[in-house]
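Across the two complexes that follow, chain A remains constant while its partner is chain B and subsequently chain C.
So, the complex of A and B:
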């Protein structure tokens, strides 16, 4: 009995030994909209980042350290977001920040905190082309990345889809915000470049009781179809008034209106022909793993965008730190970001098990290609990613996804337009 | 420089920029009794004017004058003052609540102009790459912030001293008279409208100065930076600090900005990791609670308005010359 006890006592230091191996902590910062106009979406998107941190820790941590996520709220306001980011960088010494969501806040953080401070900023949801422009102007030092494709791409994808579908005269009604202005600009440019005509390009402000005057203006010139950019709510009002004014029931609809509720509210019989696009993900095992793990950890999986993008952004930062074998040298981590998303690298997927395998490969210095929950990501020179788009339509009153517009197709169209 | 110190420099720059705006508002509300809820609008005018005058050439909108930062700042103040003049002439005859509603409308109109006039402001995409002063010297991050802090602090001192001199002058006394009893003031031959207009234009020019400095500090402006919540923040700073007192405006700005941002860290440290996504909500609760607490303890603000007593009464005179 005593020998047994002594043996037992002798193993205790071993247990402490293995526990002590994880005695360091690395903090990854995150600035997201947890309150304010994007708050409802932001809270779920933040959970995507939290899941990633949990998976990284289950895989043994990063560079021998436990990962902690320091989540700060920007209240959907630039001044609060900038201050929170500065605090993360200066006081908590984070090497990277996942955020923000609103493009205006991401740009403000980039120009005033992370670019001058040489800290990596990776945004899961900011789609403004301004961020690409800052990269081209040399203002980011290569420290900016994002896992959401720029608005510039969906406009091109939609123009191509509509033109090859036979449409030549389209009217555009767009919401007066960054999303609407950006998408409509890109579509108009691309559609005209392909040889089509945009008969009217009309802006509308949100939360109005009626859009009769905008609809009447958009009907001028006899369009074959309407490209309606916005969200359900105002989108429903405009669609009904378009139909009531005798507008053609051929629709071009973006991701904001990919909603069964929207179709039902307007009336499924009025959607004779729909050309729909939305940012898509190439079907990979990572998405299924993400959905399963998210549901298990948080209890429910809401249908909304950008949670997968936040997961991927956080995982890539973790993998890059592991590859560069440092949690403080931000220049090395920045360079490693492309080494873990290399198209020639060894493929690894999302989820705790896959990341454990990835950790083993990284110890040997292997270049990886992380296939994320949003698909294989590859950063271009300015930190942008190209993503495929999903084609969707309304058949028999139901929203149905019908195919993909691949990255190479979009690039082909862009090359044609550049000529 | 240690991280905490570097953050404090950054924090103080933003707090002092808001202090400038609060000083402008104090002149309008604290001394003249003008209920201006359009602060964000004039802040916007200052920011965008600076971006257009001193920013680089923009592919999509007006810009490219490349004027020196000092000229840009003066231009921003002038434009804010000009718009205040144009807006003030029809609206300053309105009393209190009506002026408040009119100024809310003005701020929203200015924001919608910024959002829609894409050839002028870049629309929702905003204007980027706005320069810092001494950009050409290629100072490092820490040095650039330090230099900026010195600049903003100097401007705050300048504006504070100028305003203190002005409110202790006969002009300042007329403002207070108009605030207290407009009919009495006009019966003594003072034209209340003229004085209110002067105070309004001057206050808005100072707000424009704050806007220009903010644009230079962040380097990027977008219409979403000028929502009504900004006006609320400045008003909270003035009320908490003590309206009618310039030192109160300064103190209130630093304090309110400190707990507006500090509650974020408190919320982050209080919540367990499972509830971290609710940190933002807790922060907003704490901000409200602190504001409430301060106003319950000191309803007139932390530093109340100084009682000004006429010199004759102080000297114990009995009115005989």
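So, the complex of A and C:
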């Protein structure tokens, strides 16, 4: 009998707790490319955000509310993405949107929906320097953040990696959007600065029926390798046409093409030598927790860039709402984003258990430094983060990460180029 | 230069096959069928499904497929022809009775959206290929490299166009089709069964679109939006050549393919999609009925 009483007593707060958490829901919006050119990457990245929401709920929700993720597909098209974001903001009244992936779509959503609507936009994967520029021009209202570093860094990292790898003549084929232009500009500047030659710098449009003429143009001048900047959908077509036209099978591939599906679709045997870069993760306990939880939830290990970034972006939004003790006042949440990633704050890590501890600290109004699965994320004035890059390659048909390029290494090359 | 021309012809051949069906439906049924691109998509995916069932046989020479694939093309074309007739029965025939001409065009937008999403639902959004092997281009002329698959594409397109020409000029059915296209009321008076001819138009247009889609899938890739991405260049080809003119559609397809490909020599490829439309604009200014269009 006594036992039952104790059990009963133990159950009451539990029931009460659940009832409280479910008494309201807060919806975090998300716009990602689940289909279209970036679809194969986007479907994986979305899982990062889904895991984050599951963890936030396991840790008791946000500001007493259950968190829901309203995930919309932008079909890798800016107009579809803007419509999806409009719906999230105008109909579902979300305080924050995690997305988009493509820089072109993020720019469109930022300038036409979230900045004017004072809604937080945090992108896990948009790397174009354009987005920093928009911040500098005062067009974001401070409502834009990203958990992926700007390509101002990746262009330099790739140029350094290729040049030290012995390449001197490289052709560039880049996607005609903010991502492609930004990365290609940075790379061309850095590679020439190091002493290399860019034989051709050719732009291409998405969703074209054929890329043969672009590929032919890029072949001119006898490059040793192709730097292909794009997304897996069109990227596959271009890579296959490059191989079919007899282009050298040495590749420089950025984050947008770090995908096993891309390699499989083109054909693993055509990747003789690959110099790949992608935003990396600093090794922290968070990364191990993320991998473990990810495998438990989805049955496989995370394999590509930006999955951790999506997780961290979603978690930071959740923590910020908890800190601001509001799920509607977007200005307060915006300011709180920096309070939960403060380098002087109390360190908390990723994972359901850690987030529960964080929720306890936030109740007391403590400033936190969330150390995410990506690493410690500290937003600068324009919502940018700095981060290391991983080098990846294709060996035996598999995408494999082989090493790191640290922030200080990139800064060293940048200093050299500035001379 | 030679390489750009060769690439333009390969793309143009695919566009021409699609544009023929478009121009036929426009001329005989008097509406712009925006769902026509999806017939290319379905043709390509039908062939994908069939090629999994029917054994390919060993690859022929340096082609990336065997004899079985020819059978696959024929069957997929037949299935797509059936799909086109079904669409007409379920949607267009009902709407043709209404007086609002634009209803058909809007309905075709809806049909396009529906068909595209069926493809996503059944086959998924990821790109698909008939063969993972890449047909490596070999020099065929000085400065021109083509793969065996690309030569196959041009040959098949040429054979089909000649066959279509013979069908339209030498057979009763073909002549009936041209008669209905010229004047439906008058041809009905002379005893032509217009309903049957309409069905035939759908079948021929669908089958040619299917082959166009398969050839495109063979040399590029298959994705659910492939037909949708091709519909504007196909419209440009049909309008450029002269709406209603089959030879015009073929010519238009080649002109668009060549213009897009060769223009890269002089202008930034970022503006490539605009070239086809700029050209269409100029030609329509000079010849409002298209290159081979007849004055109505």
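Keep in mind that, in the parts below, the second predicted complex is superposed on the first by the 248 of 419 C-alpha atoms of A that agree within 3 Å, B and C clash if a C-alpha of one lies under 4 Å from a C-alpha of the other, contacts with A are read in each partner's own complex, and residues count from 1 in each chain.
Please note the rule applied: contacts are C-beta pairs under 8 Å (C-beta built on N, C-alpha and C of every residue); 3 or more make two chains touch, one makes a residue touch a chain.
Keep in mind it's a predicted model, so treat the numbers as computed, not measured.
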Partner chain(s) touched by A:39 [first = chain B, second = chain C, both, neither]: both
Which superposed partner A:189 touches (first chain B, second chain C, both, neither): neither
Which of chain B and chain C A:203 touches, first, second, both or neither: both
Chain C versus chain B, contacts on chain A by residue: B
Touched partner set for A:291, first chain B, second chain C, both or neither: neither
Chain B versus chain C as contact partner of A:169, first or second or both or neither: neither
First, second, both or neither for A:93, with chain B first and chain C second: first
Touching partner for A:214 - first (chain B), second (chain C), both, neither: second
Touched partner set for A:177, first chain B, second chain C, both or neither: first
Intersection of the chain A residues that touch chain B with those that touch chain C: 34-36, 39, 176, 203, 205
Of chain B, residues touching chain A in the complex: 3-4, 6-7, 10-11, 14, 112, 115-116, 118, 123-126, 128-129, 141, 144, 217-220, 222, 224-225, 227, 229-230, 260-261, 264-265, 267-268, 273, 276-281, 283-284
Chain A - residues contacting chain B, complex: 33-36, 39, 42-43, 46-47, 50, 69-73, 75, 77-80, 82-84, 86-87, 89-91, 93, 102, 104, 107-108, 110-112, 116-117, 128-130, 133-134, 137, 139, 176-178, 180-182, 203, 205
Chain A residues touching chain C - in the complex, by the definition given at the top: 34-36, 39-40, 176, 202-205, 207-210, 212-214, 216-217, 232-233, 236-237, 240-241, 243-246, 261, 265-267, 270
Chain A-facing residues of chain C, complex: 3-4, 7-8, 10-11, 14-15, 120, 125-127, 129, 132-137, 145, 147, 216, 220-221, 223-225, 229-230, 233, 260-265, 268-270, 272-273
